[in-house]
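So, here come the structures, one by one.
Two complexes are shown next, each including chain A; its partner changes from chain B in the first to chain C in the second.
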Partner chain A sequence: MSNIPAIDRASRWKTIRRETLRALAALAIALLVTFIVVLFTSKAPFEAFTQLLTAPVSRVRTVGLWIDDVVKLTITGLAFSLVFQARQFSMGVQGQVYIGALAATYVALSPLGATWAGIPLGITAAMLAGAVYGFLPGIAKAKLGANEIVSSLMLNYIAIELCNFLVRTNLPKPQAGVLTTNDFPDSAVFPALVANTRIDLGLIFALVAVVVVWFALYRTSWGLKLRLVGHNARFAEYSGIKATFIMVSAMTASGALGGLLGSMFVQGQTYGKLTVLFEGGLAFEGILVAIVARSRPLAVPVVALFYGYLRQGAQLMNIRTDVPAEVIGVVTAIIILLVSSSFSFGFIKKLFNRDPARVSAPVAAGGAAK
Partner chain B sequence: MMELFLTVFSAAFFVTVIRTTTPLLLATLGGLIADLGGALNVALEGMMLIGCLTAVIVSVYAPWYVAVAAGLGAGALLGLIMAFFAFRLKADIILVGFAINIFAAGGTVFALALATGGDKGTSINLPSKAIPAVDLSVLSNIPVVGPTLTAFLSGHSVLSWFAAFLVFAVWYFLYRTPWGLWLRGVGEYPAAPEAAGIPVNKIRTWSLVVSGALAGLGGAQLAMFNYVGFTREMTAGRGFIALGAVLLGARHPVGALLAALLFGAFEALAVVMPGLFNEIPAEIIRMIPFVVTIAALVLFSVRAQRALAMRGAK
Partner chain C sequence: MALLEAIGIGKTYPGGVVANDGVNLVIEPGEVHAVVGENGAGKSTLMKILFGIEQPNAGRLLLDGREVHFANPREAIDAGIGMVFQHFSLVPTFSVYENVVLGSEPRNGIRLDRQRAIAEVQELSERFRLKVDPLPPVRALPVGQQQRVEILKALYRNARILILDEPTAVLAPQEVQELFVAIRSLVAQGKTVIFIAHKLPEVLEISNTITVMRQGKTVGQVKTSEVTEKSLAAMMVGREVSLRVERKQTDQSECVASVEGLRVVNARGTEVVAGLDLNVHAGEIVGLVGVEGNGQAETLEAIAGLRSIAEGTITIANENAASLSVLERRGLGLASIPEDRIAEGLATGSSVAENLVATRLNDRRYVRNGLLDLKAIKAHATKLIEQFSIRVGGPSYAVGTLSGGNMQKVVVARELCEQPKLLLVNQPTRGVDLGATQFIWRTITDARDKGAAVLLSSADLSELLALSDRLVVLYRGKIVAAFVNTPDLTPETLGTYMLGLSTQTADEMKAALK
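On to the complex of A and B.
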């Protein structure tokens, strides 16, 4: 995670160009592998691949689906960027999404949900709930030394089960047996920005969130401290920064974003109600967005734009051809592997150059590149 | 409450505990080897899941032991891929691990749909095989204790016995062989073994390969004994629980066994409880292993920190 403040503009542009090239190369390799997989498994591989690459822009409705994905990927990407910049591997965004969604649902289905307060209160409740859920693994690590990866993952499963439980037993349902709540009153659902699409108020929230996270990370002392802790927690500690406080606050802030995403799911045009397992694994894909964006908030929406396109392309390919959408998991994994490694254009050469005397050379190079 | 008490102290419950513990124990031992080599293997979950699917699909066409070996091999291969990206290409090992988890979550469903001709949920229409149980009913010929011994020891998976043996084997490897010493040295302070001419990266690579192999073996047990057949996301966090068990088990094979038994016992409780208390919702029961993992992690971390403070290391 390179986030050393650029000294001059020229070197910054150079970095951006290099990172963009790397990301595009990784994308190309991932698509190539996908194409080979599709070639071997599909009866109509070319049609499937064409769908993957063109389907999202085929209709106004599909563009809406794409933008909706982009908005959500941006938020989860920001949430992961925040913790990654502090070098915390809190993986709790998924749990925060469910907890946030639950909080938003309770507000939306309460008498308050039918008033003008439905949207602001729903979002606030969701963000608070998410923040608490992000705070828990943070404080457990800071005070007790409990590994944040394991505890945040456990909290994810607990949140999912809690959501299942409350939807089944506690929340009002249109009829017994269905695993979804009543539709929210209109006043608690984000208004659509473009009629008949899923593009809604969430887009504005995502844009605001990008600016806020960027400002917090690069224009406040908290952000500076956070990035210092991320670079070298001990150095930060020596220079008088309370590293544990920064870690916990980064996880809490990231949790608030996760909660916001939860409210965007259930209060958005997509659902307008709470359904079990509504998130569909999207939260974890923020890892990819954050890594490719090098945890830079301003790069997050750009990456989300590309990745959301692929994601939606895969969903549509799933509907229109015989290739399952889950093939996107392969693309995601390859991109994460390539972008997070010291892979570069010279990498293929290095790969075949297995001179034992030079094995330690990439070690030094890799260390310096960080 | 009485029924629960009687259930928990029955031989049948003991057999259930062994059954739920075995995949966890195998994955935990895998996590332990990686952890001692200095790499937190967060990909245990994905490795198990791919081990499950590989074992199920291979078992349709081959005998059960070939299928188990295939599950093991799939895990080992993933370990090798992880090592390649983490050590040769210098990627952050936690990110590599999550890449493998994401690959496993999507890739298994993709492969399942291909293997079953479109079913994305289960492999129910594939005639997959099971790992045989070891029948020790001959023990009942022993006077007095015979029937009890049979009830407790008979009917476990072959892999359960193997896993029990592995605890000893891993202990022997770690503390009685030079390679075990190297592995621990590499995890403790890589610069020292490096200076002593020990091939650090090679050892780390092997530790991940073995770690993956054990996780894959755990997956095979899960999909060929605990359940017969594959269901999407059937590992349901067991790989992550195993990661917790590694930390809880004080990075020692016997500790790993105890931690895996603890989590296995709570999972077994979650298995038997719905039959006993139908007033407790299933979701709450399913939460038990995760809540216990967090609780154990927190309690153990407190103890570990106190011990560290007492030694004056902090």
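On to the complex of A and C.
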């Protein structure tokens, strides 16, 4: 029995390796298909494709754009991972981002924003607002049986429109008619970590968030309960776990992350102010990150790194060539399809080799398990 | 010539569990071939290989003497093999006939030919004596009928060889007999059946040939006519197994749990428990006897706090429990082994260690200040794996990778690793092998001997008769008879009450309803 931990670890590494290879293979296939699409649609397909693959690292500034995306994708990926692990399909990150951003904006533009409290208070307000906004679909589900997908999507619209409305009417702005607020005072804007790039304090927050979410899920009893509820809510009830409390708290915690992301947008180097529709649909891309990362918090930043690269590559390709950024939709669609289906290397092998060799020697590791 | 032959099959799962190791199987046409062996012996794995779900690492399959490879179930189905799984795979919201034809629908142009589908399903069900109404949704059917749907599904795809993986584990005795009638009619019409079961009397009754597996290997193949229950058991386990349990004399004066005027109404508004009065004392096992669906499961769930009650009181350890949460009841010393391990007894995606600690997340030994003590949780799991001989690679393996019987052991281990005050047990040995059945019976009896009050429900009358001190018979949610268990109490006596053919008077019951 003494050798079991070693086998445990070995098998865990095996799983990680298998999953990683699967994701990379999905990426390769997706890129191949994209290349074919570009080949048929572009006048200069090779140049466009080269842009897609290399543009993010072409300059220091573009590296900054890439890392900024990675940071934000990481947070939204974590927010989705949290609810997915509890098997709740709340889609509310986008709304939480807007509500969080609004809260941060009110703090930043208040007298307090000009003091040292501008950053910590802004973040706290954003996270609280996001948490409340995440709590709403949760409690509506627990008390009224409202489907969380529907209610969270509705709340997204409300948040976006509320933000829109307040920017136009209530919040101070440099001149009438523009759709942005005044710039925040410097004390309320995250300092840049690398000068002249968008890489700012948000990077640190993202790293901390990864560790905190991982710790919460795998080292606390709340996290274990949450995962048990996600695997089998009936069993959780039977064990004496209050499944509804766990569901609601998972959505609330995820909401706090969404709120944090809102503050990172408006208080970050990118904006330093509130603009309508500032989020540009990024929040939803956390779904892809979470799916590919299998809702594992430690895998989220790694996936975000790859995906952020493609995302920036596509946007730069859009600017520099005749291929629109929407091509990236092809890549993401294929990756999601491949990763979430049961596609495996066996499948690929069979594609290329119709009569695979059947009989192989019994696996050596087998002996150790007995 | 053999119809289907497996030669030297080897299968190692990712993670290193050797499930099959040089397995041989020879199936003759037109026979009922039983495959028996302990939990985790590799029976289901072998069947999954025959059906193309798992790929062997070694060995060959011959069908009609020709070598075949099944890359997926589709290819196996096309070759005439059908399989009914240990855990069903029907679409609950689809109707019976839709489930049967799903994937091979009769078409009218591009539309499903509904009339023809219904007619064909009806025709099949009459021909093979598998009575089931084609119209209602599958989720409205009892398990026994769902199983018939599974069998029909295989037959609809022209299966010549039908694999039934532990079909009787979920059936009541009456339903088992009905299944056997169907199997005989299948064989009479030229089909071949591979049948897995743990209950040897069933195996002896229905099969012609038996293959015995042990620890991933085939021990041998015998003609059913040439073995006895004893010799077969010895072949399976490698030692003699006796299923008798000795019970100690216990002090049964303290009433641990009592139920008064309990009424339970199910989601459809029908009364399933209709005014039940029952006391369970420390140191006794009370058997709830009844045809499935007469209120046994609901009574147990109501006491465990998993089902709301319409009326009545529930007292556990002198506390009014009706308004207590599951956790608070567990805190009073309640433990419970649920009927359906997959649906409510386990989280199959979680690890064995996590499943074993799930009911103890308020216990300072495993959780302090909201933080998990991973070392203690792992040690706890390792200890229980050893103590309950659960066959698994290690504490961090997902429960879903365990064999059916080993999953059950995880549930039993979790509920019985500490002495409970009140133990609720429903179908404790469903799908569990002989050795493990003996062990689980022993464990439940030990809990009783040490003073636990036990309420036991089982579809298996021999289990109830072997374990109980007293028996109460439920019919339509009411107690219709009660007995003190004595050697001359027979299944036949119980049967007449179970079917509602007779009822004891209050006076007759009194003695056994203390």
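Throughout what follows, the second predicted complex is superposed on the first by the 339 of 370 C-alpha atoms of A that agree within 3 Å, B and C clash if a C-alpha of one lies under 4 Å from a C-alpha of the other, contacts with A are read in each partner's own complex, and residues count from 1 in each chain.
As a convention for this text, contacts are C-beta pairs under 8 Å (C-beta built on N, C-alpha and C of every residue); 3 or more make two chains touch, one makes a residue touch a chain.
Fair warning: this is a prediction, and the values are worked out from it, not measured in the lab.
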- Query: Taking the superposition as given, does A:176 touch the first partner, chain B, the second, chain C, both, or neither?
  - Reply: neither
- Touch check for A:240: first (chain B), second (chain C), both, or neither? second
- Message: In the overlaid three-chain picture, which partner chain does A:219 touch, first (chain B) or second (chain C), both, or neither?
- Response: second
- Applying the touch criterion given at the start, work out whether A:195 contacts chain B, chain C, both or neither, answering first, second, both or neither. neither
- Task: Have a look at where A:168 lands relative to chain B and chain C in the superposition and call it first, second, both or neither.
- Result: first
- Once the structures are superposed on A, label A:319 by its partner contacts, choosing first (chain B), second (chain C), both or neither. neither
- Task: Determine where on chain A the residues touched by chain B overlap those touched by chain C, and list them.
- Result: 359, 362-363, 366, 369
- Inside the complex, what are the residues of chain A that reach chain C? 1, 4-5, 7-8, 11-12, 14-15, 18, 219-225, 227-228, 230-232, 234-242, 346, 350, 358-363, 365-366, 368-370
- Message: With touch defined as at the start, can you tell me which chain A residues reach chain B in the complex?
- Response: 41, 89, 91, 140, 144-147, 149-151, 153-155, 157-158, 161-162, 164-165, 168-169, 281, 284-285, 287-288, 291, 322, 324, 326-330, 332-334, 336-337, 340-343, 347, 359, 362-363, 366-367, 369
- Item | Contact set on chain C toward chain A in their complex | 10, 12, 14-18, 21, 55-60, 69, 71, 304, 306, 325-327, 330, 336, 338, 343-350, 354, 357-359, 361-362, 367, 370-372, 374, 382, 386, 393-397
- Listed in rising order, the residues of chain B that touch chain A in the complex are 40, 42, 85, 88-92, 94-96, 98-107, 109-110, 113-114, 118, 120, 201, 236-237, 240-241, 243-244, 247, 281, 283-284, 286-287, 290-291, 293-294, 297-298, 301-302, 304-305
